[in-house]
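Going in written order, the chains are labelled A, B, C and D, and every chain counts its residues from 1.
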Amino acid sequence: MNDVKNLKIAFIGGGSRGWARNLMCDLAQEPALAGKVYLYDIDKDASDKNAKIGNLLTAREDVVGKWEYISCDNSKECLEGADFVIMSILPGTFDEMESDVHAPEKYGIYQSVGDTTGPGGCVRALRAVPIFYGYAKEIEKYCPNAWVINFTNPMAMLVAALYRGFPGIKAFGCCHEVFGTQEILAKVADEKLGIKATRDDIKINVLGINHFTWIDKASCKGHDLMPLYGEYIKDHPEGVSPDGGHWANGAFDTLELVKFDLYERYGVIAAAGDRHLAEFTPGSWYLSSPDRVAEMKFGLTPVSWRKEDLAWRIEVQNNRANGEPFEFYKTGEESVRQMKALLGLESFITNVNMPNRGQMENMPLGIVVETNAFFGSDEVRPVCAGKLPFVVNSMVTRVAQNQEAIIDAAISGDYELAFQAFANDPNVNLSLKDARALFNEMLYNTRKYLPFYEQYAKTQK
Amino acid sequence: MNDVKNLKIAFIGGGSRGWARNLMCDLAQEPALAGKVYLYDIDKDASDKNAKIGNLLTAREDVVGKWEYISCDNSKECLEGADFVIMSILPGTFDEMESDVHAPEKYGIYQSVGDTTGPGGCVRALRAVPIFYGYAKEIEKYCPNAWVINFTNPMAMLVAALYRGFPGIKAFGCCHEVFGTQEILAKVADEKLGIKATRDDIKINVLGINHFTWIDKASCKGHDLMPLYGEYIKDHPEGVSPDGGHWANGAFDTLELVKFDLYERYGVIAAAGDRHLAEFTPGSWYLSSPDRVAEMKFGLTPVSWRKEDLAWRIEVQNNRANGEPFEFYKTGEESVRQMKALLGLESFITNVNMPNRGQMENMPLGIVVETNAFFGSDEVRPVCAGKLPFVVNSMVTRVAQNQEAIIDAAISGDYELAFQAFANDPNVNLSLKDARALFNEMLYNTRKYLPFYEQYAKTQK
Amino acid sequence: MNDVKNLKIAFIGGGSRGWARNLMCDLAQEPALAGKVYLYDIDKDASDKNAKIGNLLTAREDVVGKWEYISCDNSKECLEGADFVIMSILPGTFDEMESDVHAPEKYGIYQSVGDTTGPGGCVRALRAVPIFYGYAKEIEKYCPNAWVINFTNPMAMLVAALYRGFPGIKAFGCCHEVFGTQEILAKVADEKLGIKATRDDIKINVLGINHFTWIDKASCKGHDLMPLYGEYIKDHPEGVSPDGGHWANGAFDTLELVKFDLYERYGVIAAAGDRHLAEFTPGSWYLSSPDRVAEMKFGLTPVSWRKEDLAWRIEVQNNRANGEPFEFYKTGEESVRQMKALLGLESFITNVNMPNRGQMENMPLGIVVETNAFFGSDEVRPVCAGKLPFVVNSMVTRVAQNQEAIIDAAISGDYELAFQAFANDPNVNLSLKDARALFNEMLYNTRKYLPFYEQYAKTQK
Amino acid sequence: MNDVKNLKIAFIGGGSRGWARNLMCDLAQEPALAGKVYLYDIDKDASDKNAKIGNLLTAREDVVGKWEYISCDNSKECLEGADFVIMSILPGTFDEMESDVHAPEKYGIYQSVGDTTGPGGCVRALRAVPIFYGYAKEIEKYCPNAWVINFTNPMAMLVAALYRGFPGIKAFGCCHEVFGTQEILAKVADEKLGIKATRDDIKINVLGINHFTWIDKASCKGHDLMPLYGEYIKDHPEGVSPDGGHWANGAFDTLELVKFDLYERYGVIAAAGDRHLAEFTPGSWYLSSPDRVAEMKFGLTPVSWRKEDLAWRIEVQNNRANGEPFEFYKTGEESVRQMKALLGLESFITNVNMPNRGQMENMPLGIVVETNAFFGSDEVRPVCAGKLPFVVNSMVTRVAQNQEAIIDAAISGDYELAFQAFANDPNVNLSLKDARALFNEMLYNTRKYLPFYEQYAKTQK
């Protein structure tokens, strides 16, 4: 049994100004656990600063979760003997992301996020999958019994890459997008039933793939919310405004009109932000033009915004590393609770991304799906989630299977297979010639982070 | 949504002196629920008495769960519009069970229970499966949305019969045998870790078929109990005495030596009473003779004991119906908690019997398996339990598949198929000629409760 | 065993001027079989005429297969005791098909055939599925052991409808589209290897769904044709002209450019006519406008052409019924050979449409797929065809799963489900509002043949 | 494409006096193929002699298949660049087999063959599986595109070992046991229908595992043989005498009474020799004592007989190597025909052993099963064989799953797992203590050929 007061957490991407900050905040507030957090980042300066911030935190009197933070020189030092591994990296820089998101625009392809699916998600995966595949092999070597929690996008493909690199890995992907939909359902419960419900009161069955997840059953204290959601949509033809939004959701709030339209199409609830959902359907539905996006009241997050936002985050990081005081906050994330459950301190059910081994019917085995799972002592067991209606499954498996090809291509460095999958994306609706020109351009733009670009380059001739 | 203060429970076998009594006791102590319980039994006098007892209970001041009990004339009255259906019947009488259990003895076949598998379980299933199949059709007609909880043995085959009769049924089977093994594990935690644990502290992964269920992962507050169980066995070569045993376990206590021997054979924990476990393995292992049974320190429950026990139960029932006061007790059963969860009042995980839809790998889909499941608002979702080691699965699927043939035979009235399955049972190790003679005798003995006996009789000529 | 000289064939749609004619021609040339053909058609006059033609044939001296043809008054007479049932009907008339094919044009949706998928295939299925479902129930009653051969489109959905109506049915669907691709491969063998090959020399592995079938392995006398096909495409940038085309392929020849483009996209061979293939991919690829169709050198078959063609066929039928002599021809169809195999007279492998029971991986079980199968005495056993590359499977399962919803909707009369599937079709790329208007119009146009239109109409209000 | 006149066949176990002789004989009579056969054997003298015999054959004028035979010094030379690999070895010597077969007798366990299942088959597998696993890795290195044909027992476990060592291997196992049952069915056709049929006329559907294979459908020229087989059994209560038996079947002829008894038990046809079949059922059925064996009219082949037989075979080999002339014979084996099919020269259907990928329902995927398969150009595709009746599947999966554990144990050198599987065998019906004593003794006896015996030995302390 792990010693809950002497744990080792390895944080890959430990210079992060988002997830690392959240984790430190959550750990500081949890009295049951203690130990060391090893931060590793290719930007050593950033992980140094996070270590400083973490240790300053630990020194504070109001902090009940005492952790030592160590900035590492290499991944071996970070991983060796870890009880938990957190994966939170940026594959490449925002310059690469700029290409991912904006290069396709000249072909009329708009992307609201560009990190999960679509042309941007595909090329991002080509960069990130080999990295995760490599980390899986290191985890097999240095800490095969560790639980590995991934926060990086493209979530599903990267969890899959971990399992390809080390089939015995104990890994899952964690995503809060579903929580937002639970919050909308809490509003439904309030408006339709007069129940003031928290997210925890909203019981849902989740199934699908990350960012294209669906809810086919929802209740609040025994009341079926599915038909009420339909009524709620009718009552709000202009959409509903958010309560504040999540820190990671970026530039634009949405009014949930994509989500509502999908309910009208399919009768089940799409459970992710509209900016993600729009990218999984045929491009002509919600992303045909900036005007269409405006009409559907969501937003296209420009990478320029991310760059500005990053500058501000860096400043915050610097200030805090220099001792600027700050308040705790409720992050709304569940990783610390998950760790406690895996250590045997409690048990609960939440949604995770794991390879399908029966939890989702009519989806090929092995594909990483998002469903509820039971978290208990050293175990995460998916709950049988049933099957999506065939019309919805039709769309979900379309993308899920395309992603399998991207993963294979990224691991084997197979240019043609990567291109086949790229051209087959619902949002890449181009002639073969245009698709190839765009693909080549996007690979060229991001070649610094494509380990097999040379090979690509050769095959392109 | 169901009105939790105005529920209708249909109790088939409502004259029962075991499960009905428990349910009344548990309902009386639960303040969250109220409504009416409709009792139906072919022995109307018995259900009348239970109704009296129930209503006397409700009149008591110390009772917080107020229910009206109604003894019905027919199953339609009982089932119509029910929110829950409880199935707890005796298929035939103890005279039939006497044949089930003791007729095979003249061929050297001994049975410790005789209600689940082996020659007795097979013939009992031939009587009970058609009854359950018929009730499923009535449930489809009168209360298709009800949750149906089965307590009757042979558990797995009868749950399967419900799904064959009405594939859309919301049914599961409930069995407390696993609880007993959790209690042994609590002793392990005490002895090996010094932890005073309750059954709820013992977290297990359950998989297999009813009464031949296995635990491949067990922990207590984060401590892995699997290796400790092995040590515990070594420390107790003479077995361990029970804490008192369960009301339904009948005539003999056991010292767990069958369970321990199976752990030594397979390295995983068999999770049912020894009297049941012994019947699933080849007869020569633990049931070759009364001496062997004595050596393994379990017991052969004679039906004469059941008859005496019944006489006493009837007396108790009479006395209580006539107003004799009695104490509440903790039944240890979970049905009321399950109902609360299904009504959306709480949620939890427990073991149930349901058709395999992916929760147990390497077991054909559709076969009724026992695993953990999540109970929530109007849903019971099995948890992915993984797979048994192949050596164990080899034995479990052997019996599970044989049971499928018995179910088919019972529904279609196929004498030859029933006989094939009978002769193929691990505990029926006879020449074809002897097997047929025994089978014919057992069918003849129980013909009053075999709806298709006539047909059988004809085909036998 | 069936008496091969005294067979009964039931022909549903026996007034047919296409398949019936072919069958009579093939039967006339086959000396091994004899018996009676019962023709049933809602157009009794047409089946009378076919009976006349058939019997005139039998009377001819050069005819070696002697059959008596009987025009029936009802389906019971036709089916009772049949050894084989042929299903070849037109669901509705060409007036309904006119709506199927041309009504969507006002929304910019073009269809090259309109009988298998797309908006036309969907609405045609809504008419035809209930008919086939009904026939399956009659077959269960009147000739449960008959082998049922379907020629009617939408092939996959109608074979599925037969299995839904009578799960024990021995049915398969027969389609010659794959043969055409084998003929192209024979040209490849000629041009690249100098081998003069017949279709029979071209060995292929087939998998997918009807009219969206794929070849992932092709050889001729041990030579791998897959890479040679790629070279052949490069050698023929303008496409290749057909050898004459198949009698049923209708108005326009194609130059295979859609097929070639799909090979460039996916590296495997699409094995159906271009007019069918184009309808399974996103509408913007090959069907965005008549100009795009012209560029890809296939054709949009107008229903007016079918009507003219029918008038000519009726005239031919009339003339022949009146004794006009005619020549035999090689139909290229395989049904008579299939019957011989099922009767135990030979065995062979060919492609058929049957529910997936393992022959195609990564496709949900039960969905009707097209693969090779072994034909032997009273058996058709699919051959394990493996799996499509994920990118291709992504597209195939998209449509296959949508079709499942259409079948469910057609059988249950579920308007909303039918609409969901309609709106989800790759070639129906409309806003929800436009999709609904078009759907309603197409249902209204064809209401005479929609048994549940009333119900539809009501729910539309 | 392979050059059919310049092939390379690698023969592992090339000193063999059985299969090698057959193959030379069959190759000599086949004019379509030519090339070189590389023989490798740990007994170099034996392969030298076989090479001499082969080359003498090639020099003969009446030989139409001209092959050069080369005796190799190592497996690399043998395998490098091979088109086909034949696996035919003896794992250990007949001394080891003597222990396999006879050591268990002191515990009352009798074995009729002892090379496939039972205690002997288990220990033989522990010797042979690591060898095959190793060859698979060499094949991956030296000839990854070769087709690998295995003739060695335990057939199913060794084919599985090949796939574990190199998952991309193109391997199958070849067994003629089913042919013998076809010959019995030919007698049935003669006696019951008056049809003089050859084995090729007997069409069967085969499913199960090697040597415990079943036929659930059999016909001859369209006549169903299944019910006739039942009548035939009734007509021959004393069994039927063989026509001469197969060269490899060894010491005793059988009268098929085990096969007949199994038909009476299950209604489907067991399709292997009685000596094999008896070993798969509980030991008490047919192998409880030599008297029982005599009663069932099959035989226990003593290893002493095999040793004498070997001496005679060696003499024949010596004489032929020295130029003694001999006649060709019909071997009845299919390997040459299989090679021709794989080279694209013909295609046909026959039974093979391959991992289950859907061809056999209700059997875990990956387990090596025996079913029919289609042999074509560079492909062996199993035919969907359906499922066994549950009662039979119950017995077959029992052994099949136990074998999976043996394979795992043999590859990983896991003593305890090997023992668990050993003790779980239907024919090892011993107390744990006796089972362990016997297991230890058998391992000790054969330690020279158990690569991981040291490790075993240590864990035994």
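Here is the rule we go by: contacts are C-beta pairs under 8 Å (C-beta built on N, C-alpha and C of every residue); 3 or more make two chains touch, one makes a residue touch a chain.
Here the structure is a predicted model, which means the values were calculated and not measured.
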Do the two copies chain A and chain B share over half of their interface residue numbers, or under half; same or different?
same
Furthest chain, CA centroid comparison against chain C:
B
Centre distance in Å when chain C and chain D are each reduced to the mean of their C-alpha atoms
44
What are the residue numbers in chain B that touch two or more other chains?
361
Using the touch definition up top, name the residues of chain C that touch chain A in the complex.
261, 264-267, 282, 284-285, 361-362, 364, 389-391, 393-395, 397-399, 401-402, 404-405, 408, 416-417, 420-421, 423-424, 429, 432
Could you please specify the touching residues of chain A with respect to chain B in the complex?
1-2, 4, 203, 205, 217, 219-224, 343-345, 347, 349, 357-359, 361, 372, 374, 376-379, 381-386
